[in-house]
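Order of writing sets the labels: A, B and C. Residues in every chain begin at 1.
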Amino acid sequence: MTLNEARAPFVKSEASVSSMMRDVLFALAMLLVLPVVHYGIRPLVMAGVTMLACALYEILFSLIQTKSISLSDCSSMVTGMIIIMLMPLNAPLWLPCAAAAFAILVAKMPFGSIGHTPFNPAAAGVAFATLCWPKQMFSYFNPAAAGTIPAYGDFTAALAPSPAAVLKSGLKPDILPLDMLWGVFAGPLGTTGILIICACGLFLFAKRTARWDITVSFLIVAALIAAFFPRIACSSLTSVKYELMSGSLLFCSVFMVTDPVTAPHRALGRILYGAFAGFLIMMFRRFGAFEQGACFAVIIANAAAPQIDALLVGSQRLGDEPYDE
Amino acid sequence: MTNKRNLLRETGTIFLNGVFFKNPVLVGALGLYPVVAAGYNMKNAVELSLLFLFLSLPLNLLFCLVGEMMSVWIRPGLVLTASAVLYLPAAWLTEKLMPGAVTALGMFASLMICNSVILSRADEYAPTHIGWAVAADAVGGSVGFSLVICLTAAIRELWLKGSLWHTNMGVYGTADAGVSLPFFGFILLGFFAAFVQWANEKRSQKAEKRRVPRI
Amino acid sequence: MILQHGVKLEQQKTASLRHKIKILPVPEGMAEPKPLAARQGKLDAAGIIAAAEAAQIVDEFDGVALARKLKRLRRLKPDMIVACCFDEDPCTTSAMATLRENTDAVIAGLVLAARACGAAENKIAVATPREARMIKKINPQADLILAGERYPARVLLKRKLFASGKNAAYIGAQACVALTAAVDENEAQSFTVVTVAGDGVEHWRNMRVRIGTPLKFLLDACEASEKTTLVITGSSVTGKAVTNLSEPVTASTRCVIALKKIPRNKTYPCIGCEKCARACPRGIVPWRVLREIQSGAPDPVRMPNVQKCIGCSACSVACPSGIDLTAVISKAAAFKKSGDFD
């Protein structure tokens, strides 16, 4: 047997960047199951096209940079999936591709790809699409009135306002909060399956891919603001239920604010960051121009994250050992 | 004779610096507001550039003349006042060249009075340099500013309307108002600034290679 | 989720603990160990240390001569002596196997060591409650504490004991057994227990071998396959790769791991997940040190605690991006020590 030289360490913990990204991809894929069951194959087609587009953009940029092309960390695919989850199902196919182009070519690769992005690329892509094409981003089809949905190609259907839009205009949504749990109402593709998002969240926390402190502080602050300052005339509990289940708030809390690269690194900093993002998203809902301000809130909170870290600078202290062996 | 040639060469360098290598908008990060907020169609861009040139050249030359005669602490205030006064002939000239310009620009035209590029050059560069250098710097800065604003405005207008200068170029403009928002201007400026920095780095690398090592 | 330091590694201990320790025959050509002279004098602290010195006992965990260690501990006066009968390395089980089969000898040696350095308490440290139950069944008098299975368990247990107000010192299980043998039977330390593991060997066993046996004998006894490309001694996290198989076993070898594939990790940039800071038992924040080193002008003030690094590599193991943080920290410590900054 020929023996080689190698350097320690020779064993690694199971978690690696690719495995963490694969966990997130798996969780996002689970979110697609219910829409496929209800609406046919279009969600899969859109997700596939967007992920392919993201991969191509990353390869293109690596070629321009004359760096080695490596897609083995699946972070571009995760970005693509998150973008498609925040779009309506009846959006034309070029819309997520345009958002993905911005996300990868402007918000991710010029900064150094994974690990160095100051803003969450998926949030930046969705924000760009929202600003440039607000009509296409927020017209959701009515699930009850839709006939067969074509796999690709544009389709026009009877439009229905999503609960978030109804809340923004000060009226109570038609659908009962309990019925919203099953996910058959007008909204972005991945954000209506409330129960599945909760399950995905628990899965990611158990695998230590996402940190639970950000999500919990985010949801607590959002719930408190919804309880004390309801947008519609109803009881506090109903307001909390509607606010937490409408729009992309829950999805954003599990998948977007928990991104470890853009979140602060200290434990107390993460709690402050989650609270700040929750406050921002409720303010955007109340005073913003669009019915859902999740992506903007995430971007502003990302901008504040380094400052939160700098606020809490200070190293851990250990008691001095009396002697070393 | 040699003095004059040196003078010409240095003036050329100052001009080029103003245009590209030390572009006041991209490298100095000054005067971002007109570019980002008002530079969303070509007409605005050209009008603003003309206004910039007509305002900065006389102002800089004036302060090259009288700058040393006043105390340093009062100079910024006087620069601002002089800028406001000189705005009137500049605006009249722009209006003469492109009728309806000043009214179309609205607030942005009069905000040129406190454009940070013009004020900083008049306050810091003009009083302590000779006339040729000051003129080269003012004209170079104007050309640099107009380059940046026209480029961003061209891209934004093409994307928004598919046309340049209100004539259809045959390119289908797809985006809604989002492209005319300031954030898009900032992103474009970011990419341009990166390009200028890359050019500067290449230049300094070449200069280092050419330098003869001293023993 | 309580903030626990250290990193969890996948334990692979059951295979080698299934059987008893196998005694490997001494290879030919090795000299017989000389018996020591009979002990004179009382069995007090000095006597015990003298016996350890004569028997040339080496503590298997840190490679320090036991006599020197006991003398040093006499000076430092710890509150507690702990017999280290657990292995923080996921593949090694030599300490546990020794405790399981020679429980009384370990306890006796522990008592002797405690007497030698004047410590008030003595305890045996095992890894899991299951093992504690097993040892209690063998000898109900054993005084046990739990060390847990997170890597690096030795340092973490010491920290825990220090936090509860007790200065603890470690002594290895095999060193205790050897001390008992030296005092009672005047035998020098000539045998050691080594775990042979890894996917390159057929059988994972604990072997009792004569100190000085070439590694080849151990691997052959466990049927090492021809496809082995990497042999590691010491520990699978911080051990050394061996290319010459006639290298002799020493008292501090403790494990020999044969691997078929060299583990290769792809390195990504740091994603700021903080797993390294949680893994570090000494309070260093490796990702910040990495960022500081990678910047143009490293500032030593922003690298606190790097001089306290013990080289356990828990940070490198925990890092999902595959960055070799141990090397980064040692570079930072050298930089800080050199004073070559303004």
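The working rule: a residue touches a chain if its C-beta (ideal position, glycine included) is under 8 Å from a C-beta of that chain, and two chains touch if they have at least 3 such contacts.
Source: prediction; values computed, not measured.
Of all the chains shown, the one with its CA centroid nearest the global CA centroid is A. At the far end from subunit B, in terms of centres built from Cα atoms, lies C.
The distance from the centre of subunit A to the centre of subunit B, each centre being the mean of the chain's C-alpha atoms, comes to 41 Å. Averaged C-alpha coordinates give centres for subunit A and subunit C that are 45 Å from one another.
Between subunit B and subunit C the centroid-to-centroid distance comes to 69 Å (mean Cα coordinates, whole Å).
The multi-chain contact residues of subunit C, meaning those touching 2 or more other chains, do not exist; every residue touches at most one other chain.
Contacts with at least two other chains are made by no residue of subunit A.
Interface residues of subunit A, counted against subunit B in their complex, comprise 106, 110, 128, 130-135.
Interface of subunit A with subunit C (complex): residues 1-20, 70, 72-73, 112-116, 260-261, 263, 265-267, 315-319, 321-325.
Residues of subunit C that touch subunit A in their complex: 3, 7-10, 62, 64, 69, 76, 90, 158-159, 162-163, 167, 169-170, 224-232, 236-243, 245, 257, 259, 262-263, 265-266, 268-275, 277, 282-283, 285, 287, 304-305, 308, 310, 313, 316-318, 320-322, 324, 326. The touching residues of subunit B, when paired with subunit A in their complex, are 175-179, 181, 183, 187, 194.
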